[in-house]
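Listed after this line are the structures, all set down as structure tokens.
Consider the two complexes below, in which subunit A is the common component and subunit B and subunit C are the respective partners.
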Partner chain A sequence: MSSIAPEFRLSRFVASLTDIIFWVVVIFTLIGLPIVLILLFYIQLPVINDKLLTPYLALTWLADPSRTLPIVKSLIHTDFFRITTFPGFGFAALLAAGTIFIERKLLAKMQLRVGPLYCGKIEGILQLMGDGLKLISKEIIIPAKADKPIFWAAPLLFVGTAAAFISLIPVAPGWVVADVDVGLLAVFAVIGFFPIITLLSSWSANSKFPFIGGIRALHQMVSFEIPLILSLLGIVILAGTLNLTEIVESQQHYWWIIFMPIGAIVFFTTILAELERIPFDLPEAESEIVAGWLTEFSGMMYGLVQLGSYLKLYAFAALFTVLFLGGWNGPMVWPPFPQEIITEGIKMGPITLHVPGLPLLDQEMLNGTLWFTIKTVGVILVILIPRGVFPRIRIDLLLHTGWYKLIGLSFVNIFIALTLVYAGVLGPGGLIQ
Partner chain B sequence: MADAVFLAISVLTIGSAIASLEVRSMIYGSISLMVTLAGVAGFFLLLDAPFVAMFQISVYVGSIAVLILFTVMLVRRELLFHKIEDPRRRYAGIGLMIVIMLGIGTIIIGSGIKSMEVDAPSVDFKEIGKDFLTYYSPALVVMGLILASAVIGALTLARREDVTNEQRTD
Partner chain C sequence: MTAPLPPGIQLEKADDRIMTLNVGPQHPGSGHMRLIIKVDGDYIVSCDPDPGYVHRGEEKMAEYRNYIQNIPHLERPVIHDSCNILYPYCLAVEDLLGIEVPERAKYIRVIASELNRCVYTLYWLAIYGIFLGHSTMFMWPAGDREFCIDLLEAMSGARVTHSYFVPGGVRNDVPANFEERCLRQIDYFEKRLKQYEDIFYQNPVLKQRTEGTGVLSRMDAIRLGTTGSVLRSAGVDFDIRKKEPYDVYDNLDFQTQVLKEGDSYARSRVPYLDMLESCRIIKDALRKMPKSGSVRTKLKPNPKGGNEEAYRRVESGRGSLGMYVVSDGKPEPYRVKISVGSFRNLICMPYLLKGEKLGNMPAVYWSLNYWPVEADR
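Right, the complex of A and B next:
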């Protein structure tokens, strides 16, 4: 037994669980069911195959495996699924959660520590769940003289902006939430919101450490936005489009990192600065200004800001993959769906199960997602590793790096791209297509 | 649908513009200015000009509004403004605005703009780029020179001879 809760008894825990279940059942039958029946009286139900689609019929259809798959398949192609689950929020949140755990474990191994170990018995794999439960159950403390509306809104806005960034990333052919013609410009527009939110939240806490951190974050993000935008112009010149999907399609035979390694290096450095990661983590320098602009956040507000920053990490790594590493392009390694299941059904001894609606997802999409995920995870690992190696640098060196060296290098990159275009090597009508 | 969105964006833009002038707290004033600028971006999106809308957001909301916010936070309000409470000035301002809007409105209604096509296809931003580099290239060059001279002038003004830099730069 742990020493934290010495009065813990399994029997009491089970009793409280059964108690809760009993009351839920009682309240649902007495109040919930009448409400459902009253609502059903007013809702106009659709008629399918000359049958009124009552909830009972809908549940029956859902339980029937031969009808479930087409329903699921039509669900997958809705906008709702795209926004919440696959190329959108759910997929990104899953990768972000994995990133948090991998980061803690990887850094611990690099520094000869053990990292999270006890939660979940095997190498602490349930640590993240424990942390989440802790953050949800913690009290949210707001400083007495804080500006409350802005202070409350800041974490939500941060997560929302990160989610808007994610929605622009194409994951597999045709799998993107918002396929806009000016995708790269939309990315720049979304990135511009992060310094505002950081500065407002740090100001609204009405405390010294967050404000210093917020000012640092503002300096850092605003000055590194310029090399970020300039380093991507080379790709726009060579690909001839701003649409992220078309940029991926233009890298079918070779990746842009081959022709523009300087641009890739500049972009990677600016990613580190925009994400406030070591060696550029001055806004959250824990040895100087407590936790920087996150100091006054507590409970789930802190959790939301952390979620937002890891979503941002995923989004930037995915953007690097899309722009420089060829996105979903890669050799076809996903096995094709076995044809005999579609034609003959699944044979289990004497029973043959015919499942209409298979395959659920086509081979190209799965293969693309696989390659995209592998590349993105690789980029995320490369972003994580400096944290175990480098110290934090001074702010004047940071700004010097941003304004002098990176901007100069990104101009060099643009000239390389222009040379390739005018020499007739790449671009429209070039030697290599 | 488009009409409803237009009305909503108009109310948001004008309301936040009034709020940015009238709100006592300067931080909230600059936030509402940000909402106004974002609302203008919404108008551009409604007009099938996503290129301009994205630049509106990234330049005005992302940079200029941040600059205003930063200045407001760092400088005391008394140093920036001194208050002159005079209701007559406000009424004069409102009257002047109405006169100017009426004037512009009569000019626009009198000109040929009112008979514009509604179903015309949106202008591709690549065409704008081509025009800039071919027919309007002198304008582009002049614009670049003006911006460069502004940047050089700002650097010259910001540079101070009497302060020696004591920090290490290695």
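Right, the complex of A and C next:
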């Protein structure tokens, strides 16, 4: 194996980096700089505070932290930043990309393989980017008799619905895109879209195998949504609210998984089914129905569906963390921001720099994000492991599991919650607060 | 109206309930063949296997080459089990030409054919794993094949198409420290096989899924003419190694593996038990093998048979594998007929799949131990 695999050498890696930097500098000075200078000759520069705003002055503004930090801080607290970057899409996509890499490596280690190894030199860390580039550059083929508008819209709708799901997840105190009062109901409403999109895409492809896959997905999702909703009723009874942020705040002292392990198990099983992961990957069972409802997707349309399904994976894992594992609650481990920097400024040789607007993010938020991420990644790992252990289940056994066992167990869970409330142990005015 | 159809072909009537699925030849769950499956909802109404996509005319090709030249191309139908498919040919040609095989060569042949049975069965098991969606069971056997392939490479010099058996013995002797190395690798291989039991055969999801599906009764198995693991999983104690022992199988200590259930689970388990038994056979053969001696009887250049015929069969990875060689006094055989277990096992597929769910199709299909290339010859 060692003769085939490239051995990682730090020196070679640094050498390749310096190579790239050298060529960038050379090309920029020879071609880029003359172009910039020629452009500056023709552009009318604005005058601000009686000073001509030359590019050099703009660059000094960028380099001056006392000018840039307030701008960055005001940017962080806009809705745009929340939707695109931190609790929203960017954070989720980053975690999803990490999940794909971890899944490949973990599965490879379970199966005595090495996994992606070449792309990116270090353990194939850039494999995902390579796959994405390949998918973007591939031709998109659409079946001749497909219903084209719906067929085109399905992958976009899928990603959009997954992103809507993400926007409901509270990541840190006060950090949530959409703080809905009936947050849990909103989650159920968003989950209800997935089978519709699956069925639309499979029907519009006008092909046999996607059709069977779509029907299977519909059966699976509808029969598993009922135990999914029922298994969360216990939490609503005990926390007395549907707001996800308030549910997290109600778990400051103890997590709900301690009182409702049965609900957690039912919810975890339904997550696996909703995500179409092994052992419940019937809608994509490749030995029976080619690739199920994904059969006719090609190129970046397939890539979008995959992106959507991994966003969905992150969202479900985060929902499990929020509902059962206490969300962002955890001991304070993040070091506090040093106060001297705010009061006395930063001493840089002869100069003392006073920076307004520090700290950018408060300690509680950073600590909460840390704990939330750790718990979510843990849940994702547990979701990934069955793929290496179980074969695929059959549709009648799946429906039997959903309708008989899981619904029964979720009713047991509700009775446990009601008993705890009526015995006066938990809930409003209970013994444990 | 379009052009009239050619004679013998008729258009199918459209039906609201029944949907026809063409599983293959371009389908991840078909192999080099096509299954025309009609489904009513999730239930299979009828199944019509359509092999023949990889027909290469091996039997006709054998009529234009002399007895030695036939060896490299007759093993092509099953390159994973090439020793076992050459075995009956070599035995039949030895009968025709009246050649005595040295004792040591007989033991080496048995070891090579048992190793090759393991190679084939692991490949088959890997595909059975991925057909059921168990990706770990795809990777583990595919990796563990290397132990047996390594040993066969040491013996013959090739990883898959060995061309190791020749009429009159084997092509060359085993290397110097072969016995020690073989014992070490087979011991480790047995340990790995025990782990398959835990992750695959005792897996509750797999048992739920395959037990009681595609049940073949004992009488049906005999009537349909199935052979090998399919027959033995239906409760019939029939193994050619025991019933018609060839070479030194009657000296060796082993048992036939028989299960009673006759469902997909039993059919997938018998080859696995056979592999464990193969390890026993190899160890026994290594112990009883003469330590030195000739391994090949030299033939005359371009040997000719009389006006005779010979039929010999062996137990291959897929069941009984027979070769019928007819000679008419020329250096080339007049006719070589290959009778394979794969095709006989395929015959029971329409009976087994009728009334099953579509999800059971891969579990039943691949449990029949069918190799499309061999069936097409």
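Note that the second predicted complex is superposed on the first by the 365 of 433 C-alpha atoms of A that agree within 3 Å, B and C clash if a C-alpha of one lies under 4 Å from a C-alpha of the other, contacts with A are read in each partner's own complex, and residues count from 1 in each chain.
Quick note on the criterion: a contact is a pair of C-beta atoms (placed from the backbone, for glycine too) under 8 Å apart; a residue touches a chain by one contact, two chains touch by 3 or more.
Owing to the predicted nature of the structure, the values given are computational and were not obtained by experimental measurement.
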item: First, second, both or neither for A:A285, with subunit B first and subunit C second; value: second
item: Partner chain(s) touched by A:W256 [first = subunit B, second = subunit C, both, neither]; value: neither
item: Subunit A: partner with more touched residues, subunit B or subunit C; value: C
item: First (subunit B), second (subunit C), both or neither touched by A:F324; value: neither
item: Touching partner for A:D396 - first (subunit B), second (subunit C), both, neither; value: both
item: First, second, both or neither for A:F158, with subunit B first and subunit C second; value: neither
item: Contacts of A:F101 with subunit B and subunit C, given as first, second, both or neither; value: neither
item: First, second, both or neither for A:L112, with subunit B first and subunit C second; value: second
item: Contacts of A:F89 with subunit B and subunit C, given as first, second, both or neither; value: neither
item: Residues of subunit A that lie at the interface with subunit B and also at the interface with subunit C; value: 396
item: Complex contacts: residues of subunit B adjacent to subunit A; value: 27, 31, 34, 50-51, 54-55, 57-58, 61-63, 65-66, 69-70, 73, 125, 167, 169
item: Complex contacts: residues of subunit A adjacent to subunit C; value: 107, 110-113, 208-209, 212, 278-279, 281-282, 285-290, 387-397
item: Residues of subunit A defined as touching subunit B within the complex; value: 147, 150, 180-182, 185-186, 188-189, 191-193, 195-196, 199-200, 203, 218, 222, 225, 396, 400
item: Residues of subunit C that touch subunit A when the two form their complex; value: 19, 21, 27-29, 42, 129-140, 143, 199, 203, 205-206, 208-209, 357-362
